[in-house]
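My questions all concern the structure below.
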Amino acid sequence: MLQRVGLKLKNRILFRFRQTIFNLATALIIFNSGCEPSDRLSQSAPDRLTLGAFSVTREVFHNGLIPAFKQKWLVKTGRKIEFEESYLASGALSRAINGGFDADVALFSLDPDVEALVSSGLVDKSWNAGQNAGHVVRSLVVIGHRPGNPKQIDDWSDLTKPDVSVVYADPKTSGGARWNLLGVAASGFWPVTVKANPANADRNTAAKLLADVQQQVTVMDSSGRQSLATFLRLTGDAIITYENDPVQYQRITGQPLPYVIPSRTIWIEMPAVEIAGVTKKNGRSDIAKAFLNFLESAEARPIWSQFGFRPIDGDGNVEGLPPVPAGVVTIKEFGGWKKAREDIFGNDGLWTRSFINKGLAQSESKP
Amino acid sequence: MKPQGRTFETMSWPQRFLVLAVLAWFCLLILGPAAALLRRALAPGLGAFVDALTQPDALESLLLTGKITLIVTICNTIFGIAMALVLVRQRFWGHRLMDAMLDMPFAVSPIIAGLMLVILYGPRSSLGGWLDSIGIPIVYHLPGMILAGLFVTLPLVVRSIVPILEEVGSDQEEVASTLGAGPWVTFCRVTFPTIRWGIAYGAAMVVARCLGEFGALLVVSGNVIGRTQTATLYVHEQVESFEPYGAFAMSTVLAGVSFVLLIGLELLQNHIRRRQFADDKNEISIAGPIKPTRRH
Amino acid sequence: MSSTAANRPVRITGLILRYSCLLYIGVVLIFPLTGLVVKAASAGPVRIWAEISNPFAWHAIWLSLTTAVVMVGISVVTGTATAWVLARYEFPGKGLINALVDLPFSVPTIVTGLMLVALFGPTSTLGVVLSGFGLNIIYHQSGIVLALLFVCFPFVVRSVQPVLENLDPAEEEAAATMGAGRWMIFTRVILPALYPAIISGAGLAFSRALGEFGSVVMVAGNRPMSTKTAPLYIYGEVEGFNIEGALAISLVLLSASLLSLVVASRWARGRG
């Protein structure tokens, strides 16, 4: 009896053992095939380009620009091109590329994310030497609200009303949120009647406005896109976001997502660069340059604007989008990114201080 | 043991209250969210559900998750058994440290787990750079994601076998080896049959944990669609998109696979238990260790 | 029990087994951990202290610790009760519940967060009812506790349940024949036997809670100095290119988790 059981067991174990070996072998085969794309070996391999872009540009690339460029490439060179796409938060993308993610071309939401790659030698120092300082497209910081505008939100000051709850992303993790808060700060720094420059910024008003708006915030998601998703789940009365986000949303879903452009706001200028450190190795530099040129070309312009982005040159007005108000500033009026970061988000920055003051007030009122 | 078989009808009022309270808590905390997920995923009908999952990006991500899970489960099951044997049957310098270290993955935040893999094996580190130069890129490629999976699931198999090994002791193994059986034969004939359910349970947990892993993969993967985007990263991206339906469908599949695996294991175990130990007076736990105390 | 096995001389196969295991643990676990600690330490104590004493970091660590403690408190009571009910009583649907206990391990945590917001959020039916009673959960600190309760639910249940099932009924019966009441039997006979399991389950739950990210990020609201927990803070610092800050807080979090595990296992062993 015992022997029989033992024999049966042995057979079973042997069977399992064989199976395990088989599984391991399959795993190894899958593993290897996963590491080496098999079509690399074939002669008529299509061209390839790896694109890294920050998350809110997913729709415009995936549904608009990439199909158009594929078409153009086929006509121009007679060759097919295939894209690998990765959409990450701007900071995460920069970190991933710095850590070895082999994107050939990358679009970021703000310049410091490119500077990080310049300092590690992956991007050419002259990336911002061109006419538009390396930027390919821009958008505006706007306030999205509920249909019918029940809380009557027209400008930044309306966000400080006690019954309005506000949603925006965390500026620590989201480059977009940094732009958003710069929009708020701009309105505090310079009344609409004043011509903005770094010297005449009203720090006290800006500090108060930033603190008062922050006071009304319910959720700070980790990315701008996440923040919009939260707003669409009916949290909050207002969302501070990029203009292209509500436009893309309306275009794709057909649902209304109204927004207002505040009288004083800021141009979000997005840089696109070739990751020279990568393209030098894989020889895709020409394709990368062609794609970058395409992004700024006249052909790409209507695609960008369909998805809510505005051209980098001229006054920014395009068909189908509301007119640009006169009080729009750029990062230059803040004295550049380095100064703006320090002034607003640094350890002694206006936005950062608002928490510490509030935290002190709270801990004093609590026993 | 009398109280074990007590049914609802034979309970006293406080006992009924306790059972109902636990059920209510369970419904609120676990069943509620699970049902809400299921409702959302199946609301637009089965066709839409299948459609959402057969999108090329979704399929690719599922395949990648499958690959990672398969490899991680095999590695951690084999080494889990080995580590449990070493831990219980051997005493050596550093033994207690090893014991304590094995629980570390439970303690390390997935974000930190990802971060440290990038620091050690990232292409800009010396070790990662060297591996990269000989053609084994780790971080932002499959091997890094497998390492992340191995890390977060390391303790699961070990921790489900160790209690059983401790409980049964080593008497039978010693008898076997005195009778001239080699270590491999002893393992196959004596040790393995006692711990097989522990192994199965541990392996099922590895699969479940691996399917649902997110934080560590977020940091080590780079999230390249079709290359390093796993199912959970796909969920993450869908949650951020305007139509989060794909996220619900995919999550249902992930949770469903784990659920079917765990409940299937339990049913199988019950079945075998009933057949083999029908006349056994010993109480045998359902999910816990089975005590092979019968001797003919 | 296993001391006889331990004192036996180890054969060559045993040695091979041992060192291959140690190598495996090294590659998967020890090397990356050491790398992290070395890199963090290389920033120097002054820098590390500056990062930790930053009020934002300090608040995040404090919030993580307190929410984890509250969660463990609730989880110990409810988890033990659940294990008790599963081990001792028969009722319809028991098998299903027993299998569903592990569900939180297998649902992607980001989806957990999404579902909790959908179910308890300020615009859901339940959320509206609860806020009518003055209970705001989602986007408040209690939301963090809720998410942690979900994610850590299996720990206490799964460590207490097997012990309860293997408990020798003779002791309880003896106590009962000696006239002990039900409560007395529970506190004097059963609870002491469960202590080690409860404590080790609580230790695991606590350390997991300290590190939880995916679900908390959706549920907490992520407001600095209010609902931003330590892992969220670390993520923020990583994204904001402040690796030293991230590593310093990681060290604190890691030590706290490790400490809780070690204390729990020591305590459990001492009692058991």
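All chains are identified by letter, namely A, B and C, in their written order; residue positions are counted from 1 within each chain.
The rule is simple: contacts are C-beta pairs under 8 Å (C-beta built on N, C-alpha and C of every residue); 3 or more make two chains touch, one makes a residue touch a chain.
Only a predicted model underlies this, so the values are computations on that prediction, with no experimental measurement involved.
Steps from chain A to chain C, taking the shortest chain of touch contacts, total 1. When C-beta pairs in contact are tallied for each pair of chains, B-C comes out on top.
Among the other chains, the CA centroid farthest from that of chain C is the one of A.
Chain geometry summary: the mean Cα position of chain A and that of chain C are 34 Å apart.
Averaging C-alpha coordinates per chain places the centre of chain A 35 Å away from that of chain B. With centres taken as mean Cα positions, chain C sits 16 Å from chain B. Shown for chain A are the residues that touch two or more other chains, of which there are none. Contact with two or more other chains is made by residues 239, 244 of chain B.
Residues of chain C found to touch two or more other chains are 118, 235, 238. Those residues of chain B whose C-beta lies close enough to touch chain C in the complex are 1-8, 11, 15, 18-19, 21-23, 25-26, 29-34, 36-37, 40, 79, 82-83, 85-86, 88-92, 94, 98, 100-113, 115-117, 119-121, 125, 147, 150-151, 154, 163, 165-166, 169-170, 173-174, 183-184, 205, 208-209, 211-212, 214-215, 219, 231-232, 235-236, 239, 244, 247-248, 251, 254-255, 257-259, 262-263, 266-267, 283, 285-289, 291. On the chain A side of its complex with chain C, the touching residues are 89, 91-92, 95, 116, 170, 172-174, 217-222, 233-235, 347, 352, 355-356, 358-359.
Taken together, the chain C residues at the contact with chain A in this complex read 54-56, 59, 117-118, 121-123, 139, 217-218, 221-225, 232, 235-241. Residues 64, 67, 70-71, 74, 118, 122-124, 128, 132, 137, 139-142, 188-189, 192-193, 222-227, 237, 239-244, 296 of chain B are the ones touching chain A in the complex. Contact residues of chain A toward chain B in the complex are 1-2, 6, 9-10, 13, 20, 23-24, 27, 30-31, 34-35, 50, 55, 58-59, 84-88, 96, 98-102, 120, 223, 225-226, 229, 232, 248-249, 252-253.
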